[in-house]
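Same chain, two partners: chain A is paired with chain B first, then with chain C.
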Partner chain A sequence: MADRIKRPAALWLYTGGIYLFVFAPIAASFVFSLNADRFPTLPLGGFSLDWYARVFTDPAVWEAFSHSALAALATGVLATFLGFGAAYTDYRYKFFGKSAYLAIALLPPTVPVIVLGLSMLAYLSRLALSGALYSIVIAHAVLCAPFAMAIIRLRLSQMDSALEAASWNLGAGPWRAMRHVVLPFAAPSLVSALFLTMAISFDEYAIAWFVSGLNETVPVRVLSILQGSVSPEINAIGGIVFLTSILLVVAAQVVHLRSSRRDARSARTGD
Partner chain B sequence: MEPVLKIVDVEKSFGDFRAVTGVNLEIVRGEFLAIMGSSGSGKSTLLRMIAGLEAPTKGDILLNGRSTRGLAPHERDTPMVWQSLALFPFLNVVENVEFGLKMRGVSAAERRRRALSWLERLEIGRFADRAIDELSGGQRQRVALARALVTEPPVLLLDEPLSALDAHLSVRMQAVLTNLQRELGITFIYVTHSHSEAFAMADRVVIMSEGRIEQIGAPKEIYLRPSTRFVAEFLGSNNIFTGRPEKGADGGGYLRTGDGLLKLPADADPALFDGEVDLIVSADRIVLGGPSQANSLPCRLIGEEFVGASVNLYLETEGGRDLVVQMPQRQLDGLSLQRGAAIAASWSDADGHVIRATS
Partner chain C sequence: MLSVTNRSPGAVLSATAVSRGTVPRFARLIYPLAWATPMAAWQTLFFVVPLGFLIVLTFWKVENYRLVAALDPVNWIAVYGTPYFWSVYLRTCAMAAGAAALISLIAFPCAYFLAFHLDKGARRLAVLLLITPFFTSYLVRVYTWQAFLGDNGLINAALQGAGREPVAMLNTVFGTFVGYATLCLPLVVLLQFMSLVNIDRSLIEAARNLRCPPWRTVWAVIVPSARVGLVLGATFAFILTFGDFVSPTYLGGGNPPTLGILITDFTKAGNQWPRAAVVAVTMVTTLILVAFFAVRFAYKTRRRSHG
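And now, the complex of A and B:
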């Protein structure tokens, strides 16, 4: 009996320990971003929003944020579009070399980002496409599209293959079937793919550093601030970046969970 | 009458596999046609070709006298009720029903009105605004029917639509379907593997096996006069005796079997008498222990199987062959048979049906 009670307690402790291990550094950074002292030491000094105020008045940081946001949005849209195309091709067609096609389509995230960034720089500069904001978008779309594909592919795999045929049967041509059946069915995964790829792009440092030229994104800016001096401003930026990405990821999760819960319900009531 | 659908020499191959071959079929307006066969018989492939989801390798399908060659699925008016129903989960009930009208460019108000009137007709009007996942199996079935019928097509295709329902609900839906079909006068083409569904609803039944049509006929005709050994076996509950026919002293035809001579029906085609024939005797035509008839075989009871109100008795003749006899439950009670008991099984020669044996 006692064993039964102890075990969940140990499990809770273990789970709590894991979360602490993962989130303590981020929490520490967040806490020190609100600390009045110049250096991160204990005991804490007074509460202060001073570092946030400094960040928000720094035009270089603002510029970095707008670069990051623009790049993330464009990357998200492009990667989701590419990911959908790849996932739909996999869902709908059988062809020779399909497993090779899938393996190659899912490859980019397995390449070390340093290698990816360096090769992107070499490639894009040869095409005279490097050093601009769209260079980041191109490079990030390559990195993000496989994530979008994986999410959308999972959703499409839950689609009854008769659904699309049923819409043709009711008078919809292939494009209208896409617009009225496939896209609405895939919609939750499109939204979560969009959010997730935006989060990945927003956070990504190495590739952005190589290809961005003078268009610094937030992570690049953070690193260049760090190279000059260790300022609690970094903690403030870190706090904002963390919140932004975690909101995007949580939004992606919520959309995903809600759609799969609805599917589970319809599977249960279905005979 | 002018056929609404004419299938001419249709063949469909997938690589080396011939799913459908040499199919010719004419279906008239207002007919309820059931296509029956086991899985892999080609019945669903035939239906998918009518809908344009598969293209025939050879031959043509004429809809209202016009070739459908090269017509994409959305260019023909052959809506289908799918085995999985394939309702759109992201649309509610009335939006599902409106779909076909929307694709045909019917105005929003008009399509809403027509969709609602079909929902009323199928007695699910009060569920119009429900999500599909809030409906029961039977209600979904009706939504699928309404969605397919809302454009008032000349032909409705049904691909085993009742296979997912329990027996009780299935029988109720059969009544809904037959009534609708009579009222609307629309041609129904109904694919199924279930004898009871096909025989209960259809005007004509097509029996398919290995991509070919084995027999086409009214249910009663197929039941009483199966034209091939496959059909006789497929229907179950048939006893098939194979042998060489000969003329008896009385001038009638007899079949020589391991159980002696069996009298053939007087209407058996004399042209068949030059080779081996199959004598088919339906299980419900054989009487046990009754007054002696033209054919009588001494048997032993080896088993019984209850099928609702009737019972199947499995017997073994003295010649060692199996015999199945079907009778109402009540009649069996009157016989008080023990397993292993000896009893005579007899039938009138007129109840036999003779076909050429397939070698």
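And now, the complex of A and C:
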């Protein structure tokens, strides 16, 4: 480490440029949302909360928010449940066809959302299940469960595999061992998975656009504004969505940090 | 306690299986099945079967705006028979491949910097910052790029202020690529970073001790060692841009279209689901082939470099 190369200025600048590119639209959207003018030009118009006021008084946006929140909550719970079961299965058991099992569990995010959306629309409408809020939940659970599974699997791999077996040997049935040993250990990752999958569902526009019918969610609403005219309302909606997602992620992080600190503490006292 | 922790999980499992020998076999299966089945059932019912149904759908017909079950190759012929489709197909492939190559190239120096020139704390912050964009709406970011790139947008206003001619950026391929980079640059940097940070540092030290010049160290030592992550990053960039319809529509102008736009047109405007299904099946097949060869390429070169 002593002879680590000095940070070359060019690489510093370059990386700064990359971060500028990544954050320019995020920061600009926030600035535009507080700008009085309809069309963003320099110099900016006066400061105004007008667009936020307009968003908050638009019943269509309220409805979209409630649709999104409901769908995200249901998706999060469902995807976390599915993800936990699969993560635990992968952690605990070896069986014939396991790689096929893992493949169908993990593959959905690699299929373009537009293809998923179309196949969902075609399939669900055959079953008369399309065009409702639960259609979004069904489809989003497919997309989100793999993420939940990955997060929970990561946590389970930190668990001493003898812990569960020890409780079995001490006379606990598998269900009791699950309740008193595995679930408490996995709990923080369950919360993280819940929040992350909710955030993914809350932001997803393509599948929701295909299967939601008349039940517009927030991103679908944004998509339809995008197709229409220029409106800084998008920036205000974007700001609110960003805050919601970040709150979810920060909440997940806090839970995660707390539990790892608790782990560290118990490890110390255990020694 | 010691004897339990020293046993391998498999040994513990078989030991408990023996101690449970009196419980009927069926009852012992309930517990594992209860955890394994939900995911398998859900993804079969709502992922595998719908994708399978998509293939069936390509043979159905549309009569009087209604879907009719059939076994008719008419949609395949209609879609594959037009040179227009193939030009869209090749264009989409070329744009996704170009985006994957370009974004990988752009991302590499940044990932390199994060992996080799930052200390642990700064690195964690840099990674955290790169994760943030995943939680902002892609649609909103694309909308904001419109304000930057438009003919009367912020960049052109700045150019004119500096006495330069305005440049057309919105509704061009350049605009589409800006959107593509918005979509996957952070992910590609992260994937490259993760493989770079795990390189055995002694390899780099060895190259330096042998007086290998820095550029050659990057090319002959670091790139081959991080091959898997680099290929993975490029593959994800290809997958994401190949299926994206937002950037080509709202930053590229939508004309000429990409396969994603073709699907939305067939579904939303034309009510031609079977034809959209033909396009979708073609897309998935292409992606499977690309992913297959990418994975093979990644691991083949790796094996050789270790041998």
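Structure notes:
One rule holds for everything that comes next: the second predicted complex is superposed on the first by the 237 of 271 C-alpha atoms of A that agree within 3 Å, B and C clash if a C-alpha of one lies under 4 Å from a C-alpha of the other, contacts with A are read in each partner's own complex, and residues count from 1 in each chain.
Methods note: a contact is a pair of C-beta atoms (placed from the backbone, for glycine too) under 8 Å apart; a residue touches a chain by one contact, two chains touch by 3 or more.
Since the structure is predicted, the reported quantities are computational estimates derived from the model, not experimental observations.
Once the two complexes are overlaid on the shared chain, A:L11 sits against chain C while remaining clear of chain B. With both structures placed on the common chain, the touch criterion links A:R176 to chain B but leaves chain C unconnected. Looking at the shared chain after the overlay, A:F185 reaches chain B, while chain C stays out of its contact range. Shared-chain residue A:G45: touches no atom of chain B or chain C.
Of the two partner chains placed around the shared chain by superposition, chain B and chain C are both touched by A:A165. Contacts of A:P25 after superposition: chain C is touched, whereas chain B is not reached.
Looking at the superposed arrangement, the partner reaching more residues of chain A, out of chain B and chain C, is C.
In the superposition on chain A, A:I104 makes contact with chain C only, while chain B stays out of contact range.
The contact surfaces that chain B and chain C form on chain A in the two complexes overlap at residues 160, 162, 165-166, 168-169. For chain B in complex with chain A, the touching residues are 51-53, 72-74, 78-80, 82-84, 86, 88-91, 99-100, 102-104, 132-137, 140, 147-148, 151, 164-166. By the touch criterion given at the top, residues 1, 4-5, 7, 9-10, 12-13, 15-16, 19, 31-32, 34-40, 42-44, 46-51, 53-54, 57, 106-107, 109-110, 112-114, 116-117, 129-130, 132-133, 135-148, 152, 154, 157-158, 181-182, 185-186, 189, 208, 214, 239, 242-246, 250, 260, 263-264, 267, 273, 276-277, 280, 283-284, 287, 291 of chain C touch chain A in their complex.
Those residues of chain A whose C-beta lies close enough to touch chain C in the complex are 3-5, 7-8, 11-12, 14-15, 18-19, 21-26, 28-29, 32, 39-42, 81-86, 88-89, 92-94, 101, 104-105, 107-108, 110-115, 118-124, 126, 138-139, 141-142, 145, 149, 160-162, 165-166, 168-169, 174-175, 199, 203, 205-206, 210, 219, 222-223, 226, 230, 234-235, 237-238, 241-242, 245-246, 248-249.
Considering their complex, residues 160, 162-163, 165-173, 176-177, 180-181, 184-185, 187, 262-263, 265-266, 269-271 of chain A touch chain B.
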